[in-house]
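Order of writing sets the labels: A, B, C and D. Residues in every chain begin at 1.
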């Protein structure tokens, strides 16, 4: 629903109206910037907003393949409004390379510390995914219900900020909290955050977005299966590993569909 | 969904069509009126309608900062249709300052009595929020599931009109019922009303609307967590207090997104 | 959502496209026809389709106030597509007064027999309301969760076609089945039909549509309340009776909102 | 929701924009092709995408009535994007008759093996229907809740790929897996696939699509009924057989409604 009216504005009026994003003074692209990669971040942010995995909060980032010690991420902005001009470059301590006085996401340390701990990770997505939040505060672990969410069969750890940091404002607002979160994530693709949301990671923006999306879908399906009562026949870890390889192979089929849905909101 | 077709009407036809609202003879703004504040009431009403927190019923009000013994609120009208011209001024006994023969909300005493009892409250929102109604008739208290709903960690009292007034029509249709409700609200940000809905209050229209919205989201999340079975690890009151301070700091990020969604329905 | 694209077609292209409905040769209005009443049937059908209370099946009828032994109802057509030209007149045995070779709803006997048994009823709505179907096959009775559904506090009987007719095709396809259903409805505003849907009746099309809508809402809310576990504090019959009188008084507020949503689909 | 913005693009801009589908070089229609049948496959794919029964994955096929040993199915493409040009012809071993270097669905053997085993089946639909997946991993069998899903009263077997093939990637990627699935389907209209989705079959594309749709609706309704607790009064097999005959008789009423919703996305 979310992108619909913006599409309409653009098409019917013959021009695009995205006031908040475009009110920004256009800036030079991030020094290590890569146009296709920035587009993936923008499209991925808008896809997750379109489908309600993100609301006004949450963020998508990508490691810079030319400089693996830097990553790209929007200035502080609702993901549905992120445009290429909003993407900034950060180092692995969460410092903006060219801050230009812009507001930054308080929780950019989720990204910086995971990139530091996980050289294989090329993209990080943080959401307050409504399907998933119940599993972050429950004793019932999130598990893989079907092959599109096969990556969950590897196990889904829950990070409780209170364990290391006591009673906080719940935010990953410094490197220490980010490091603690990255440790609980371990080598997994998804970590749940108690009373907050989750983080999905992947070898590309497409895969991290796909995982954030299907983690939400899977959680809703598991809730329904648990409510039916009795044993639930989840994917085994071996099934999950095999099925996840297929997801990587067919991802363009759904990514292209998603992209068409949100692309019109970006036309100049 | 709700605003979509109105946006389309406006854009495609090149003019805005809001017949019911505009059929009203335009009137002078409320004597103590403040354009930005009135806009917040209008935008807030339409946001909550857009997201299904309000349907054809419910209302958003604001205390007049220049005259704290008055408050601003629409004439009786579905919140999705409220425009600036519909906003009227009331005293703290619920009397319209300039009634002009308009229909008034029967339940304006929810607002008047809360403004009387709570000098800190600058805005009041009353909804029949579908996520929340089940908690108003359940023995399970509504609690804070995640940081965006941190304000609920302070506790969510339930007002049962039957306790003081016996078997009624359920409506807060006089000052005595409003006073009873305000007493149960106490110093909290949200009170549930058995068999009816809820009231969220805040230091600004934005915050009251934010709270009404996330109260609904939180209730749906808690329903899912409870249905999973076992203990649920809610936010503690100390976590809630800290996290709610952050919500106040980042509210413009989501308010601006919401405002863009509904702003086109208001263009002249 | 359902009406949205049709609104757009009409507005953007500058003409209305409702091929199926308009392919019909326009006919004289029903002999006892009343333009405003026919409009209410059309609007009511489209409202319930817009909100998912009706899908491709179900129907809205009205008793002819000038000839109480006749009622008005569409030819067999999906409710989202019903236009004034589709409305036909029937007697209380379910015979079309001027059949013109049109397909008729198999289940028109739901309407004819209820009008026969209940002189107070001026409108009948039959739906496969998704919120309600679970209560038609459950041992848990549907009850009034909040004041907008106050009419349910009078009790909601369930009609099981198997009791009188054995194993059937589940349809009310003759006067005997309609009479059996009307007997179980008794003097209530709503009756559930096991494995099928429900029927809501009222003193006007607006009230019958309002009741069909809020019966669905209430059922969804009750499902959530029951799932929380423990006692649920429903409206009492006395509260229900008082609150329902208010619904009748404020119905135009929501009806006018709903009508605006679907009116554009009807423009010529 | 899904088709809405594409409708708008087409209407407002006066031309149709379906880049991915139209980027394909138009090809001769399948040798045994039948224009009306191909249209049904296209419309059926888009209907199921429109209503969320299909997301980016899943497929609709039809047996060629002129050559019952061949069937028609899209090249590998998200169902919301399928156009007539994408439809290809296959033999019952899953070989494309005229491959033209196109990507094929890995799981076309679901279709080929069911056509081989079931001469009565003229159409096959495979979905990851979100309502149904929980029943594929649960011990609670999916049953018929109401007359529109009467075909489920015949029983809904669950195929667990692990039983015959051990820990796999979950996909029906070869004839042996398809044959095993077809054996579990037996003479039923629907088979669930553990950790994956379901398959609905029928004597026509309309009926297979109708069944895929109402299988999803029914599953959601049953989940709600089970959650209420206590016995659920399902349709009996005899009721199901009788009611399903009616569905076949009235299917055009809902098919025509659905078709109108998606037809504009196909205009040239």
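Here, a contact is a pair of C-beta atoms (placed from the backbone, for glycine too) under 8 Å apart; a residue touches a chain by one contact, two chains touch by 3 or more.
Predicted, not measured: the structure shown is a model, and the values here were computed from it.
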{"item": "Inter-copy rotation, subunit A to subunit C, in degrees (Cα atoms; steps of 5)", "value": "180"}
{"item": "Per Cα centroids, the chain farthest from subunit B", "value": "D"}
{"item": "Whole-Å gap separating subunit B and subunit D, where each centre is the average of the chain's CA atoms", "value": "44"}
{"item": "Interchain centroid distance [CA atoms averaged], subunit C/subunit D, Å", "value": "31"}
{"item": "For subunit C, residues that touch 2 or more chains besides their own", "value": "1, 4, 8, 12, 227"}
{"item": "In the complex, subunit C residues that touch subunit B", "value": "1, 3-4, 7-8, 11-12, 144-148, 150, 217, 220-222, 224-225, 227-236, 238-239, 242-243, 245-246, 250, 253-254, 256-258, 260-261, 264"}
{"item": "Touch list for subunit D against partner subunit A, complex", "value": "1-2, 4-5, 8-9, 12-13, 19-20, 55-57, 76-78, 80-81, 106, 128, 130-131, 133-140, 160, 162, 167-171, 194-197, 223, 226-227"}
